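Order as written gives the chain letters A, B, C, D, E and F; numbering starts at 1 within each chain.
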Amino acid sequence: MEKLRVLGVGAHPDDLEILCGGTLARYAALGHEVIMAHLLNGDKGHYEMDPRELARLRKKEAGEAGGVIGAEVVGLDLPDAQLFSDLETRKLVMDLIREARPDVIITHAPGDYTSDHTVTSELVCDASFFAGAPLFRTERKAVDKVAPVFFMDTVVGMGCLPTEYVDISETFQKKMEMLGCHRSQLEWLKAHDSIDVLEFVETTARFRGLQCGVKYAEGFCQFEVWGRKVPARLLP
Amino acid sequence: MEKLRVLGVGAHPDDLEILCGGTLARYAALGHEVIMAHLLNGDKGHYEMDPRELARLRKKEAGEAGGVIGAEVVGLDLPDAQLFSDLETRKLVMDLIREARPDVIITHAPGDYTSDHTVTSELVCDASFFAGAPLFRTERKAVDKVAPVFFMDTVVGMGCLPTEYVDISETFQKKMEMLGCHRSQLEWLKAHDSIDVLEFVETTARFRGLQCGVKYAEGFCQFEVWGRKVPARLLP
Amino acid sequence: MEKLRVLGVGAHPDDLEILCGGTLARYAALGHEVIMAHLLNGDKGHYEMDPRELARLRKKEAGEAGGVIGAEVVGLDLPDAQLFSDLETRKLVMDLIREARPDVIITHAPGDYTSDHTVTSELVCDASFFAGAPLFRTERKAVDKVAPVFFMDTVVGMGCLPTEYVDISETFQKKMEMLGCHRSQLEWLKAHDSIDVLEFVETTARFRGLQCGVKYAEGFCQFEVWGRKVPARLLP
Amino acid sequence: MEKLRVLGVGAHPDDLEILCGGTLARYAALGHEVIMAHLLNGDKGHYEMDPRELARLRKKEAGEAGGVIGAEVVGLDLPDAQLFSDLETRKLVMDLIREARPDVIITHAPGDYTSDHTVTSELVCDASFFAGAPLFRTERKAVDKVAPVFFMDTVVGMGCLPTEYVDISETFQKKMEMLGCHRSQLEWLKAHDSIDVLEFVETTARFRGLQCGVKYAEGFCQFEVWGRKVPARLLP
Amino acid sequence: MEKLRVLGVGAHPDDLEILCGGTLARYAALGHEVIMAHLLNGDKGHYEMDPRELARLRKKEAGEAGGVIGAEVVGLDLPDAQLFSDLETRKLVMDLIREARPDVIITHAPGDYTSDHTVTSELVCDASFFAGAPLFRTERKAVDKVAPVFFMDTVVGMGCLPTEYVDISETFQKKMEMLGCHRSQLEWLKAHDSIDVLEFVETTARFRGLQCGVKYAEGFCQFEVWGRKVPARLLP
Amino acid sequence: MEKLRVLGVGAHPDDLEILCGGTLARYAALGHEVIMAHLLNGDKGHYEMDPRELARLRKKEAGEAGGVIGAEVVGLDLPDAQLFSDLETRKLVMDLIREARPDVIITHAPGDYTSDHTVTSELVCDASFFAGAPLFRTERKAVDKVAPVFFMDTVVGMGCLPTEYVDISETFQKKMEMLGCHRSQLEWLKAHDSIDVLEFVETTARFRGLQCGVKYAEGFCQFEVWGRKVPARLLP
């Protein structure tokens, strides 16, 4: 088996765990290299904590979560809620990708519920193409090939009909363990919005599982443009 | 409040319970008249039982389920797996509708997983229009108006993005109680296909609930053609 | 009945009147609080007038139009034709929303004919989410909840299939009266582009009425993402 | 200019007038040959008239309407409300097409509001292909080529986004004159359903006109499959 | 590797070769069992030959083509151009499937250019579900599981955006060799319609190859309903 | 025949040739005025050349290519890979359009594979509307009318179902000749990515030709919003 370099890029420190943690765990279990990146530092994901302190805490939580499956964790440390697709940010994401040299990229769906997610998606699609242009000079060397991009499910699946499913029955516990590392979020969302993140993630995984005939699954779509589609499955 | 006559038309004796039982229970609780119809007698929904015996048993189960919410239960007693949109069946469904005189009709989605469901959907859409044509003479008198049609979710939501949701948190237990009456199906599907119907129905209701911010929900789309759309909500 | 705070956000000073004036009039007639906002001052909506003078005139016209239904009128006073989704404008729209504390928001459709409309739509969707994040500090206090967003019809309905309709037969005259306040536009469009705005608005309202079986109607779609959908109708 | 043979196929005797009368009038005015066919005899389009008498009356009305633009009028005389896609009906429609030898065909949209319209659409699409197969022997000789098919707007445009428009400003009066010949329908729909057909047809034509920048228009989509698309415009 | 039973079901004797011959050749080369079925005998696919003689000739050609990759070839011997979804034909297709016991089914897309193709698609989807119902008794025993269905590209790709691609660079010559066995068609279409089938098949395969970055490819979509989707790739 | 001013706006110096060269050649052959614009200077379309030298070379190549059909060639000289929709660039594109005074505009599809293409599309749609607003003052005078916009095919047709086709059989050689002028790209893409641009362009033109029944064709969609649709064909 060819060993793949798999790059997940979420907006906030816990997005990958929620939306594709079981898939990343499967890649890891199969011996592939997994890099978990988040563009934002999560500094507004709370009701009353100091943003800087919150960002520090969430960085620690993200590191722990990645550790559960032996993934490398990278954060761009940009502030929440003010992500835009501009040249400076494009270059940051290009360098993230040039550093990671991924064979497969996983990121947010273009139709998700907040611009933090949709702009992440747009930045990753754009930057992953330009990462392959040698004359677009940045801090790092151009990658040799432009990687296919898979879009994760939207949060609670709104507006999303997955075209690809990954069976995560075997790694579902790992996913929940990773998610459990994000204590600040589990507590805040429960206290402030009465959202039980663990329960809603389990329901979603179970629902996607029902759709493809397994216990638990995660759903994906693909970025369907020139140069990104391959006639073989890259998902585990 | 105007008292509505609500007609649900499923293919098999347990389809309404699975896909809109909570909604029908809400209509009933609000004092509306609920009629639960199934076109087929369910005679092939088992592994080894005698079809005629099975049909008898399922008729009894359907009657019990309707009884839970005080709904009238009607079955056309057609055999499973051989439903087609032909003139004879159209007239049967027209008479079902002319007898029920519904203000609202609920039936299967046109893109569901088996022709029993999709042909039911087509028959109900077609017949409910012709039911209003006085010169199309059948056993019963034409209805005064053509009723709006809502399509239920598909089974496990494949290919379906609901545009309308009904909060069934209050009636979820009623839904499960109705479903529990269909003992032949719960047992067969568990034994033969390892499908736990109660669990899969709960997961779906919970997932649809997450999508619209309540505990449990059922999702619907609408038949969007001339004469069927009204500028007010007819769902409870 | 719960008294709602309804916020309409158009691009130019007359857009709400054209696209949802009858609906706002109904909300107002039902005793709800209506706030009519426009992001742009309309300073390029003419052939030869001085932009600053035009902006002053249109502000006056918008105030009169709002007065017809007793709505509060707010304008951000940004210049036409140069609206972009950037951090500064996002904050302005966030404060507009934080000030209005809406239960329902109505804005332009994402596929309308000019970027002034589509960027308004994007800004409102994004800002209304971030308005609920306490740690995103602006001039005003975070709102307690993220409001559902309805998209108005596009101009002359291009590319738009409404999923919701509002019967405006009773308030159609109010809508036309509001529209009549925008004299600068009625005159200019007639003189310069031979467009009779009153006629085209009546035709559209009548066409949407035919689609849902009433005299006059306005059509809407909804922003279908996590946290915005509720299992009950919020439109009048 | 090449002289075209244009075949319109509606379900009921007045459908072509309502949905593409202005376009047919333009073809006629340009010197093309227009054949107006209806599969059904309209025998159920009334509240209390005797079906056979009604069919006779409507045949006369259709003849008069066609006469307004000098079109040939053909009716298959099938009863309303029981049209299905079966071999016998396919052959009837094949012979209609083999007789007409059309260069262009216009028929109902596949998503219209009643099966009489949608089955007509299906029959025309299917039969127009088989009409070109010499070994499919019927009463008449195979046509030399398979004609492109345009779908008319749906009634009041539900679910329909036209991709092609025809300016009927010049022939709008002809269209209304043709429509006026269907007295039985104008009276019945007004008396029974309070529908003013003339007004609703004018509103639709005006709305489609607004969408493409002319006084009155009719909208169309095309049957987009192999062998039907040509790289030139066939609509007038 | 699990040895799969792969069932292709085309309408006419040469459809599978045109639309998925390279894919079937890959399955065969990998050691899977390939069954090539055609519902129709192709008796109208010519300009002047006697239908019965033509059917005999095409049966021979289909047999030769299947022989190229060692596939079993089955024909239901129904006449061209009169295929409908009725109970009798459903049972024939059910028995075809019950005999083949497929793990994967490949058939026509639901939106292809002729009813022979679209009805084949519908029959296969319906029959493959009912084939698994033991109480639906036919000549053969029910299958143990309901197989996933893949839809082939439409002819020249009209209206089709493949979601899955199969690299057929290695088997493209086999595909052309199979196609070459259908001499009656190659000659007729060239003589009668000036269609060079070999060239148009090569162009399509090359175009689909460009889309997924290989020399030659075939495109597919999937039947996305309950019980048919699996979280793993079944295409070679 | 009215003489049209046709403006093509591509991102890079060779995009128009690849995606609509045959169509522009037909316009030119019919005596219309053709202006070929590219926003970017192509300075990153190579593996190792100096960007400034590359830009100079590509400007020369673009000029030669335009010369083949007698088109005027205009370049905005913006650098590759950093195009965004901001006010400054909008004004540049507005002036390009105000200078060209087009009757028809052709540009990239909004769903193409790289942001250079999609942002070009967005800029052209936005700027072509504002170009008609006299009070939006730039270096040049406002145009009298807002021109319809056609979107070219995407590269290798990913995600694109053309609604309009242009027969380029007669001008295909001109298209290839124009393309041949872009030597730097033909060489680079062959050497670096093993892409034979001439072959892939011919395959695409042939595939689009098969779809509409001619030897070679180019496919287009249209920008379907208010004020852009006309009830007549503007494509040659």
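The rule is short, and it goes like this: a contact is a pair of C-beta atoms (placed from the backbone, for glycine too) under 8 Å apart; a residue touches a chain by one contact, two chains touch by 3 or more.
Given the structure is predicted, the values throughout are model-derived calculations rather than measurements.
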Interface sides of subunit C and subunit D: same vs different residues, half threshold: same
Remotest chain, subunit A as reference, centres from CA atoms: D
Centroid-based (C-alpha) most distant chain relative to subunit E: C
Centre-to-centre distance between subunit F and subunit E (centres being mean Cα positions), rounded to whole Å: 39
Whole-Å gap separating subunit C and subunit F, where each centre is the average of the chain's CA atoms: 35
Residues of subunit B engaged with two or more neighbouring chains: 156, 158-159, 161, 211, 224, 226-227, 229
Chain-level touch network, classified as line, ring, star, complete or other: other
Pairs of chains, among all present, that meet the touch criterion: A-B, A-C, A-E, A-F, B-C, B-D, B-E, C-D, C-F, D-E, D-F, E-F
Complex contacts: residues of subunit D adjacent to subunit E: 85-87, 90, 122, 125-126, 129-130, 133-136, 224-229
Subunit C residues within the subunit F interface of the complex: 43-49, 51, 54, 80-82, 84, 111-115, 154-156, 158-159
Residue ranges of subunit D in contact with subunit C within the complex: 156-159, 161, 200, 203-204, 206-207, 210-211
Subunit A residues within the subunit E interface of the complex: 161, 163, 165-167, 211-214, 217, 222, 224, 226-227, 229-233
